[in-house]
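Here the chain labels run A, B and C in written order, and each chain numbers its own residues starting at 1.
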Amino acid sequence: MRDLEKFHPAALGVYFVCVLGILMFLNNPVIIVISLFSGAFLVLLLKKFELKSLVFLTSLLLLICISNPLVSHKGATPLFYFNSSPITLQSVVYGLFFALMLIAVIIWCKILNFVLGGDSFIYLFSKPLPKTALILKLSLRFIPLFKQQYHKTKNSVKVLGLYNGNKKIKSEIRVINAVIAFMVENSIETARAMNARSYNNKYRSRYRFKKFGVYDFCFLVLTLILATLTVVFKQKFYFYPNFSEVSFSLGYLTFFVLAFMPIFIVLKGELKWKFLISKI
Amino acid sequence: MEILNIKDLSFSYPKQDEKAIEIADFSVNQGDFVLLCGKSGCGKTTLLKLLKKEISPFGTLKGKIDLNTENIGFVFQNPEEQIISENVKSEFAFGLENLKLSTDEISLRIAETASYLGISYLINKKTAELSGGEKQLVNLGAVLAMRPELLLFDEPTAFLDPICAKKFIDLIFRINRELGITVIIAEHSLNELFSLSSRVCFLEKGKIACYDTPQKTAKFLKNNEFEKALPTSARIFNMLDFEGEPPLNISEAKKFIEENFKPDRFEFEIEKFKDNALEVKNVWFRYEKNSPDILKGVNFELKQGEILSILGGNGSGKTTLLNLLSKLLKAYSGKILVFGKDIKKFGGNSLYSENLSYLPQNPTSVFVSQTVLEDFREIEKDENVIKSIASKFGVLHLLARHPFDLSGGEMQKCALIKVLFKKPKILLLDEPTKSLDAVFENDLADILKMLKSEGVSIIVVTHNVEFAATISDRCALLFDGELTAICEKHKFFSQNQYFTTASSRIAKSVFENAVLQKEVVALCQKQKG
Amino acid sequence: MKRTIILVFILIFSLSSCTGFESVEEYNKRNTTKKSNITATVSIDCKDVLKNIKTLDKAVKKIIPKNAYFLKNYKASVEKGDTAYSLILKVAKNNNIQIDCLSPQESSYNTAYVKGIGNLYEKDCGKNSGWIFYVNGVSSQVGCSDYYVKDKDVIEFTYICDINKIYQKEEK
């Protein structure tokens, strides 16, 4: 068993497609809650938790919960009336679960970004679409460069007294203009360096730094089986006009296992290390 | 065995009549270490680029370039512009993928090259996190992994600080000696390179003026304007009109002084300054709550009309200090007073009008327009004033050019002028001599001295010990978050063993307090009579 | 910047919500109909659904009344200037039937649009299903807020499962 990041990008890619697909298209509160918990737990385990994002997510939740009832008056149980339109329990709850679904998607995307970061993601494309992969690679390199140059230019512009706090948009545009000019210059030089390293359009080999092993195969097969079972045994949930009943279904169990697979991998790895170290 | 032979080569850029290169005869043997030197614009870069067909410039080419190998590696000036990937391993793999190697072969070469260069600890890092020196090392590694037989370097240390530059040059030298790879390197800072090269080629206006051993070239350059770029050891010798060949490194020069001169001391005057332009009192700073302190109680004053140099190694916090002084960052403890007024009380942009100006490390961030003239017009509305100041500094011919088309030295000058249009009384410079050749460095020193005579107080943050010694009144060392050893420059440099000028290291045992070249020469000439 | 956005939000929200809050009881107590001499007969039914029970969305199966009539032959008092739209709103409220519609200002057809009555919404029985209304047995040519109710009119709001079939019928 190895670290989550060390799995083959193709296996991980399929996993995330399955989880996110089920989460977004099945629209079932039980599934949403399971994804939310497993996603949040995984983020904590991977130590990628940030307080700032929690604030953002809570405000998103509140925003959607408040705006959905104002827009949709469907539902059999009005709680109170606002401007002669009913604010119903069903639309509040629908808004709540919709927001939770969005939050779960955001959390899982964060995990995806961590696990399938940068190079691994590009690696997925390098065999089928090598030129696209190369362009992606270059873009990834340019993003942090853009950020750095933006800060430097902003500081320079400030010190020259040209950054007006009142005309913020104009000043920002000036900064961004300069940064774009810099990026264009930089890209010409990068092209020249690529040429100097004998870059040619025709045939290039592909550096396969991740091999598809037994663990990856098992992971992939397990993912596909669980995902298929979840979809087959899905329970359609209705919000309007009344909530449909939620009963135990095999689909929920298989999705639970699917969602907790990465947690299991991470935990097992940590426990193993602790055990090995304690033996020293 | 010859690896390169050039006969009757001439090259001119498109739409230009004058020839950029005109070389009758130039040959390099395998295993040679050739140094190309010359003023900015003499044709070094053009010659190097012509040797690699993938990056040859467009233009009219006549004559023959005979290369005995196809496998040529090229390392450019700017470490940032050569990076292609987001992480180091990919960077190495890029060139190897271009060579159509298999995965196993690529892994082997990456491992081998990284270990040889001592950069294995960088292999899993992201390129955005590397320092300039580390980036240039990664570039070198990526090129070296392709196993070239000839390595071309175009001013590779221009953007590096002297300590990194020295390490880089040592590495190139090792590669040449241990692996037998031929090296042709064009450089400005010649202090270390001169003694290491097997041959030195001096270019003047596209023609080879001298192509010989380092000693003979040093003697040849004695009466040339480019003499300023020679290592201090050779310069001192040349200025004294001795017979024989000049010493090329410090130990030889030290022996030369000890054998020929008697102990003496250099008398200097300490200039008195009155009022404070800047006061920094017990300033503490860190970037985030949980990160370590970068500045731990920095205390100093900048007097009006003085030039203060702050030296220190990489990451010691020098740029952070300048950011604090120009109100771009806030210290969490301590006070900064500008002309007696607390810096926090300067509202809006009032600090930057006629008070304080800051020239950052990379001058590209200063320019936002299409031409230099437009950039200047952003700050100074009166065109006559612009033109008069431009001619005063000798950049009138650059006004119509695009800022990014300028050479390093020209860009630095124009950036400085743009900042000066704000008529600051305090000027902060961050590494102003990066990528400048000796002639421009001299120019810059003259400009700063002129500003000082007009009453401007200047802080220069630099690694360049020689430059600091030339222009400053006082010097200070930033180490472990504190500013230590603030004192007059002669005292500062003569009490240091390592962080001191070449002249000081050469003459220390014989001449007391002699820190600058001209001081050593003056004492020598006094004795010579 | 963030603070100002939040403050603006709070301001807009509080201003707009100063009016309009009522609890369920208060709403139901509000009786705005005045007695008048003009009457009309109103019916709300979904007979078409019973014929197409297979295409009905499972969620709404339970709210379909047994005889497919939400309201049968109700005599409503018509005030001066009442349209079919204002009438059905009053009638539904008085009989505790849920109704959800877009007022002429909100609707994109410039006439009122009925989205759902009795928790039976448009598109619940196939993608061409929805509410239409008949006046005296003839399907209306105008929207319900453009038809002014006359004395002794018979207004029927019917849920149909395929609007195309109605159009075809009319063409014939």
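We take it that a contact is a pair of C-beta atoms (placed from the backbone, for glycine too) under 8 Å apart; a residue touches a chain by one contact, two chains touch by 3 or more.
From a predicted model like this one, the values you see are computed outputs, not experimental measurements.
**Q** What chain pair has the highest count of contacting C-beta pairs?
**A** A-B
**Q** Central chain, going by Cα centroids?
**A** A
**Q** Just how far, in Å, is the C-alpha centre of chain C from the one of chain B?
**A** It comes to 80 Å between the two C-alpha centres.
**Q** Averaged over CA atoms, how far is the centre of chain A from the centre of chain C? Could you give it in whole Å?
**A** Roughly 42 Å separates the two chain centres.
**Q** Mind listing the chain A positions that touch chain B in their complex?
**A** Going by the criterion above, the answer is residues 118-119, 137-138, 140-141, 144-145, 148-149, 152-153, 155-165, 174-175, 177-178, 181-182, 185-186, 189-190, 192-200, 203-209.
**Q** So in the complex, which bits of chain C are touching chain A?
**A** 17, 19-24, 26-27, 57-60, 62-63, 98, 100, 116, 119, 121
**Q** If you look only at chain A, which of its residues touch chain C in the complex?
**A** By the definition above, chain A touches chain C via 73-76, 78-84, 86, 236, 238, 240-242, 244.
**Q** Report the residues of chain B in contact with chain A in the complex, numbered from low to high.
**A** That would be residues 52, 54-55, 73-74, 76, 78, 80-87, 89-90, 93-103, 106-107, 126-128, 139, 142-143, 146, 323, 326, 328, 348-349, 352-353, 357-358, 360, 362, 364-368, 378-379, 404, 418-419, 422 of chain B.
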